[in-house]
């Protein structure tokens, strides 16, 4: 763990320092838990009461909160982003010593700067990047390309011929390049497998969460562009393309050949159907089903409000009858129009028009 | 497999025995499949026809079903719970012989009573509990604490510094302690990773299903309290807390910093958003999205009824127009009130009020 | 990769060849990407513009598209199924050399024709089929039966005593036979585990996707019949039965004891509750919750249309008030009927009936 002076932080990362410039911090912490050797942050003014009570050594915050801060602070226009950089500084990567564990089974050349953990299996013709780290139990197929400084945590599986960019972080249990779900159907209902001859191409600076799966393409590749961040248990079907710097929360499922734009965000548990396109800068809310293409940037939602069970029973039973409810409204409108016409005739001139 | 006399069962577990006390049973089975050496149970009176036809050696049931039982029976107020205890008795754990498989790569002290399977990797500074069993292919990070009598099935991954209580059962493919999904965003849309410096703390008697994932905390720990049961493919985000004895069914997703109370149940496929609280003794129905805090015990639902596709098309198209439907109802009410006022004026005293 | 003449293809697979019978192809490709040594297909006439522009060596298509094809073509009534067979021909399996990797830990007899990868663990009393291939890092429990020609990709886990049929394909991270989620509850809310003494029985020609999980039965077996295809991240609860040739897309969850018929299809992200039955030849749409048995073949849906967020807020707020909306419609109808009666009385004969 690093020990850093506040004036060193400001010298490197900018911002305005208020308080003792020589104070040192060693770790990041929440406002509640931080002690005098920790630096915290306030990114949302609704937690201002926690700021007032903090015992942190210093706090990163925005200008309008600085007055309320009882300790040293660094003022930034983007305190959360600033905090991210400080947290990275105080928690530098601790790469294992380079080298290949004797229990690994490796059939490709490994750079001296890389580390390969216990029980790892690497097939022939793979290209392993400089300083890459491959955790225990990983299996890397034939002809895989793994970029420089990639970090594979334990028990990751990468099928043959997938390509992964520089600085990738892939968490345990992720599976890259399994067969896409492609079958043709025979007359009797049986399925004939379509060989999945495409691959997976993953750009630079991509992070993939634990137990996420990215299938290889049927004919062309499945593509994850630079800077994409995938949370845990995400399923990416064959021939999907995810645009640069999009971020998807846990348990999202994306069906085959969907195209997601750049800088999109997708909330947890959302389902995106296949063969559709989502524009750049689209935000999908959690648990939303996207069943049609989205052509304009913006936020899209579709999930239901939950309710106390008895109210839900009362309300949602009507969902099965919305069409007849609409019919009844239309009928009421027609009747009322007729009646109002009659009435109006009646009240205006006493003359009856049927 | 044990062989047990019915009177031994009643002597240890209570209940009232009707029939041959010296009869022995060796296994549990369903009412349909049980033969004379098996003991079955009836917990739901709607299966009473199966009771009448059973060839089981004995049946565990409630008082009101005893009369219909054609074989020996044990009467209990809670037949399902009683059955669980008998099933445990007849199916005792068969721990493998203690010891460390020669292919394991272990850098921490392992108690003599523990067993470590083939290809296991245990990092330095880990504390492994007495009689714990670590299945083949598991990877246990540096400084992990694993409680006494813990059972890790094959291919479990536990990241550095996570703590797991006594008698834990963790199924294959589960990943404990991967990084939470935390990023700050730059102006251009790129993401800066926030180091996840918290850990995971799991209490005693917790069971975690296959391929479930529990992320480490961003600053503080993610916490799973005593007696929690998680089914397969559950995603638990960073800094979530799940209260004691809560049980979550398969495919549930819980976003970061959500707090779930004690003794809650969550149905399969439910999604719980982040930074909210759920009270103790709350039951969430399957496939429900919880998007706001729930402050009162009770059952909460939100999923849709499915329908034959054509009916669904007719009914659900109106969901996009509910607001205008509501407007039309309001307008109808207003028109009708006006008309009724008019009419009432008209019919009561013949005088017109516009 | 094979090199095949077009007349060889037609001789083996049927169909009508138009163009140079001696032309050879080496690979399958999309209409856009195919070069002169590749064969492509057109299964959907909406992509006819791509056909016109293709540089493929040959195209498989239906009769009504043949006229527009600028290159050689094979006419078939079922071009996609035909393409599947050609793709299999051009991409034959490349089984690894038989044999057991020296780092594997095997306690059962392995046929000479089988291959066992690095770091594999196979327990005692297992039966391993001829020509089966077990990828690196797989763990196969005691007494497992694995059929002939089965293919287990890397890091698959199969618990004790599960049975898997011939020609199975199981993708990485899949877990077969973990404990079902079965607990009885004590008065104080604590859970007592019910030993899961059933197994898993999987038929022939089944494919199971990456990170899918199939739990063992509580008392009887969980059963997957012949020819079933499961995509990635599917959860199958204990004692589920899935009928022959059903196909389930990614992220589907099936709760315990559900029975799914033959030749069903289930869309991605659907949730099927427990203890219900689905008839043969039922299609469930993506993201649909099935909460009741379905007795008739057909398509069933239940997911919501997503909307631009502001529209969603306006429309979906009414879902909490559908019951009162229905009451208001009923009340309007009653008022209108009363009023119309009055009015009709009024306008017909001038006499007032209150």
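Going by the order they are written in, the chains are A, B and C; count residues from 1 in each one.
The working rule: contacts are C-beta pairs under 8 Å (C-beta built on N, C-alpha and C of every residue); 3 or more make two chains touch, one makes a residue touch a chain.
Every value quoted in this text rests on a predicted model; they were computed, and no experiment measured them.
With chains as nodes and touching pairs as edges, the resulting graph is complete, every pair of chains being joined. Counting the residue numbers that touch the partner chain, subunit A and subunit B have less than half of them in common. Chain centres here are Cα means. That of subunit A falls 24 Å from that of subunit B. The residues of subunit C that reach two or more other chains are 103, 119, 137, 155, 173, 211, 233, 251, 303-305, 307, 316-317, 319, 325, 329, 332, 336, 339, 343, 346, listed in rising order. Across the interface of their complex, subunit C is touched by residues 27-30, 33, 78, 80-81, 83-85, 87-88, 90-91, 101, 103, 117-119, 135-137, 153-155, 169, 171-173, 205, 207, 209-211, 227, 229, 231-233, 245, 247, 249-251, 262-263, 268-269, 286-287, 303-309, 312-313, 316-317, 319-323, 325-326, 329, 332-333, 336, 339-340, 343, 346-347 of subunit B.
Considering their complex, residues 103, 105, 119, 121, 137, 139, 141, 155, 157, 159, 173, 175, 178-179, 181, 183-186, 188-195, 197, 211, 213, 215, 219-220, 233, 235, 237, 251, 253, 255, 271, 273, 284-285, 288-291, 298-305, 307, 311, 314-319, 325, 328-329, 332, 335-336, 339, 342-343, 346, 352, 354 of subunit B touch subunit A.
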